[in-house]
């Protein structure tokens, strides 16, 4: 008979196999199968633990996992079918149109405009401008306002 | 045979039941609807209003029924502070999303869309009331599967399909990781009750327990878009329809955080695993907020920017989780931040949705220009939402950040203090890109951009517009009366 | 005995990952599931073994194979031949496996009474008394998944219209540079 | 009474909310003044009732109001703390605001931003009331900023005008500078109070009652800290109250609509700094050096403001500089409270002058507004004269205000100035600081001479002489409407009687002095005589005062006409360095920017990796996730 530890190691191995499969295969169907593999490994874990602890909940959880796995399988397959209809391929790396775009080239991004972007707030000259352009007293302001 | 106890054990999730029943009713009603010619896409508004009405009725009757339930841990669902605030959050987010999508539900799929939205929100209620690993897990699946469905039907071009695929594949992957952690938790604790799991972990913090914790955290980190589990977010956001972006940035995040609180936030955990678990969460939070903010800084694409902004906010929320773990006083500040986040994010999404004719076009930051000139109220509302996202006083976002920072500083824990400093610095960085949007919203658009000009000539989506205004008003109201958060 | 199982797993696992024909991969998947069923039996859960056999080997894999055949081309596809960063992934997976195994080794579960032989009746009683709502929830999940599967795979008229327009557009673009394309 | 207190801030708040709604609505814009009127009237009536029904005394009544935040151990309650000083200030604020709001209905009529104006006006009154009644220094600071924000919005009301936008920006920046010091002072005080008491929550440490209770302990243990706190609070106060060297923002604030100038930048908001000092006077009594600094700043400001006002041609600017100089007098009063036993009298004198000043300065500004209204928005005194016959009612009102400002007995200004000078004069014989008080007294008297001169000069240039109107005024300039004149009559009545009544009855003392104090020091008859001589001299000077030509006037005249080049100094000391710093930062920014762009073009650079990870391929994302999982799990073995 197998020890609990051994069963757990086997299921971990199965889990990692599924993980590697998910990461390496490009075929969408096989990727989803790999996820099923991971879920099956988890189910083994639950059942083993439940058997060892004398708890029925382990099996219950495994049943739930089976249910969810079939849900995911159904959605996954429907998705695969829908996607295959569009591109006629099962290659997941074909679906990469949504990604980070490269920043625009320097010439395109309008480097010249950048010079004018930094418009820092400046204090208003109180009444007469500091550069003494308008040495006329207060009246100039009133005149400006009219304008 | 249904005994009275078994029926009574459902009371804590009564709102979820109400939603499920309404969802099924919508589906059944749809079946009896006379079929029309497919050339004329049927208006989906009726279903949308029905869904929204169901949400509001269920929420309202639940909050005003005022029945104080006995908090019974032995059953599958309990009714404690977290379950109540989680349910309120779910209802709030659900109502807002439903309101945004009133005019934007996919033609021909209105009934499915809104029924599944109700199922999704009910899943959130299950998550927040769960006392058992089984119900927690099924609740999470109840959130993610309808999400996939909504993603798939709301945008049916190549980009929509691609974003659905990405979300689905990675979601299934992360769900498997989460389950692996759950199985170890089950084995170590010898029970599926969450309270017993937390107690046994803290009584016996072993390496295996930590591994289980890490796997569970990793699984949930996908839902809350924590780095490095966030990569799907910008792609999916830019590929889905606009209201769905709002949905994705709030509902799964609520689910993730409430589940984390359910699993880890038990008062028992602080004694045992806390040091190493705390380190993990803080590190995750710091990386998340930094990456989110810096990535958002370089973005010119509005949708991707919002995705990164949601990543950054996850970082702040994770800091709140860390503080909640240390304090043990409950996660009130985290919940406050979450509710502020829900309202301000959905408010901004609603504002963007309101001005664009189509929900699937690519949005640049510059497309936001001139909103205020076109419609002062909308511009002001979006500005308020942005200010709230920055965390400026006069908005609810301020209280969120304030409470989390306070929780971080109060325990005099070096790690949390460092985290608090990082959080402040990050908020300052985040302010830059929010300000960039703010300026665009409030500036006159360039005259030559005639296409952009025609876009925002009027409000094209009145319900979304109203939602945006309501969100902005709520944001300000919550600043004044924070106890309503 | 563990070595036997480990060898079987490794064999089929490597097969699953490396077979260039996706059908072979799917078959090795079935073999792995059978191994898992044996492990179920060894864990005193014959009911689950049977259920898994029926659900996975009987239903799931058939549907997968069906779709696989539906999408199958006559010759090998490059995406089936080439793996995605196999070496790096193996390092990552190996690392995770090492960590998990050392975690399992450090774990000592207090041996309680072994579940003598799990009666299906006990499981059923649990499922339909204490965990009734869990099961109902799972049923609801199946309903949503069914709707999702139907809706996702369905092709609406607007979809086909869009596809047609896209086709026309690409044709037109393709034709534009050199007039007598196609 | 206790419940009624909350009506005072809530009424303007409701008015503001209605006003904000009106801003966005297409209908009812023309009647946007009504909610503001009602709200302010309610507030003013409640204030007056409370004031008249009050027994007096300095004990503060704390009315718990609204618990803002109560989460876990954090509670932020907002409660009203009303004592005599606060009540007087509150009454001034609400009454003057109501009168100005009535006036503004006529003045702002037809402006496209009509509802906006009244909404912000209500918001301002709400913030100001909350500033006055808040029982916590932090809440006070919050509304201090709120008041500043409203001021910013009102100065820049006509934001299309670059000069208005710039003036708003300037006021904002200068105030921000001072407020930073204020905030630092608050934090320092919080830190200090936390050291000597542990019994209160973090927020309650800044309650005024808590602060005042621990002051003796704080003074004995950390005297230096207290001085710093006092100094920083003083900086905050001189920022808002436009004292040297922060006075530069106030004259520019005249870009706002005239009712705003009257209300915010003459009667109420600028006195917030004075109110702060009065409120914190228990603390300041431990820090005489801060009060001495306040006295010096006040004296310098009074003289500078008076002299600059003499050479302005813009009527509103004359009044603005006059405000600066009168606020200087208030700060001198605080200087006179250097001896702790004299501080309560200093507060009384300051509040007295604050009250009368609010009346006659609001009156002057609003009549100037009438002039501006009639002259087609021209306010340059060189362009018009002899308006006595054109605007008869305005002429009389302006004259009353001018006489009150110049300090002609028995009008209000005379008595309130007298109480400040009397306080100084009574302490000349003080062995320690006697000479200091004498100096301030001389500077104060000199500034009143200047005040009399520029006031009469402005009056004569505007209303006397041959009739001349600018072209902008049109054919027949007309007197203001009754709705604009009515509040002016009430202000004029206040300017006439308030000083005499309060001086003779000692009515203010009962609110602001502890009950068992000695008789307040009053000026001698000699001082009365000196003051009257000064007024007469001022009138004489004004008659003979020539109009200067910019080109051939002596240097000091040029300097005064140019406001002593203080703006330029500010510009070169603060703005120019900031600007060059900003340019530097901009250059760095650009460098970093180009670096980032460069990085994006070099795939081997580290920063690019993240972008490359975002390749769009699911497997890569999953791989990254797997690496993340491995790392997370590996943390277990650390």
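Read from first to last, the chains carry the letters A, B, C and D; within each, the first residue is number 1.
Rule of thumb we're sticking to: a residue touches a chain if its C-beta (ideal position, glycine included) is under 8 Å from a C-beta of that chain, and two chains touch if they have at least 3 such contacts.
If you're wondering where the values come from, they're calculated on a predicted model, not measured in any experiment.
Asker: Compute per-chain Cα centres, compare each with the mean of all protein Cα atoms, and return the closest chain.
Answerer: B
Asker: Among the chains, which one keeps its Cα centre farthest from the Cα centre of chain A?
Answerer: Farthest by centroid: D.
Asker: Rounded to the nearest whole Å, what is the centre-to-centre distance of chain C and chain D, using the mean of the C-alpha atoms as each centre?
Answerer: One centre to the other, that is 73 Å.
Asker: For chain A versus chain B, what separation do you get between their C-alpha means, in angstrom?
Answerer: 14
Asker: So what's the Cα centroid distance for chain A and chain C, whole Å?
Answerer: Chain A and chain C have C-alpha centres separated by 22 Å.
Asker: Can you work out the whole-Å distance between the CA centroids of chain A and chain D?
Answerer: 52
Asker: Mind pulling the residue numbers of chain B that touch at least two other chains?
Answerer: In chain B, residues 134, 138, 141, 145, 148-149, 152, 164-166, 169, 173, 177, 184, 187, 190, 207, 210-211, 234-235, 298 touch at least two other chains, as defined above.
Asker: Would you mind listing the residues of chain A that make contact with two or more other chains?
Answerer: Each of 8, 15, 19, 22-24, 26, 31-32, 41, 48-50, 52-53, 55, 57-58, 60, 64, 68, 71-72, 75, 79, 82, 86, 92-93, 95-100, 103 in chain A touches at least two other chains.
Asker: Which chain C residues reach two or more other chains?
Answerer: In chain C, 84-85, 89, 92-93, 96, 99-100, 102-104, 107, 109, 112, 131, 134, 138, 141, 144-145, 148, 152 touch at least two other chains.
Asker: Sort the chain contact graph into one of these: line, ring, star, complete or other.
Answerer: Basically all the chains touch each other, so complete.
Asker: Spell out the residues on chain C that touch chain B in their complex, using ranges where they run on.
Answerer: Those in contact with chain B are residues 99-100, 102-104, 106-107, 109-110, 112, 129-134, 137-138, 140-141, 144-145, 147-148, 151-152, 156-159, 162.
Asker: Given the complex with chain B, which residues does chain A contribute to the contact?
Answerer: That would be residues 8, 15, 18, 22, 28, 31-32, 35, 38-39, 41-42, 45-46, 48-50, 52-53, 55, 57-58, 60-61, 64-65, 68, 71-72, 75-76, 79, 82-83, 86, 92, 95-101, 103 of chain A.
Asker: What residues of chain B sit close enough to touch chain A in their complex?
Answerer: Touching chain A from chain B are residues 133-134, 137-138, 141, 145, 148-149, 152, 158-159, 161-166, 168-169, 172-173, 175-177, 179-180, 182-184, 186-187, 190-192, 234-236, 238-239, 298, 301, 304.
Asker: What residues of chain D sit close enough to touch chain A in their complex?
Answerer: Going through chain D, the ones touching chain A are 161, 163, 166-167, 169-170, 173, 248, 251-252, 312-314, 317, 377-380, 382-383, 472, 550, 561-563, 567-568, 570-571, 575, 578-579, 582-583, 586, 589-590, 593-594, 596-597, 600, 611, 614-619, 622-623, 626.
Asker: Using the touch rule from the top, collect the residues of chain C that touch chain A in their complex.
Answerer: 1-2, 5-6, 9-10, 13, 16-17, 22, 25-26, 29, 32-33, 35-36, 39-40, 42-45, 47-48, 51-52, 55-56, 59-61, 63-64, 67-68, 70-71, 77-80, 82-86, 89-90, 92-94, 96-97, 100-101, 104-105, 107, 109, 111-115, 118, 122-123, 126-127, 131, 134, 138, 141-142, 144-146, 148-150, 152-153, 155, 163
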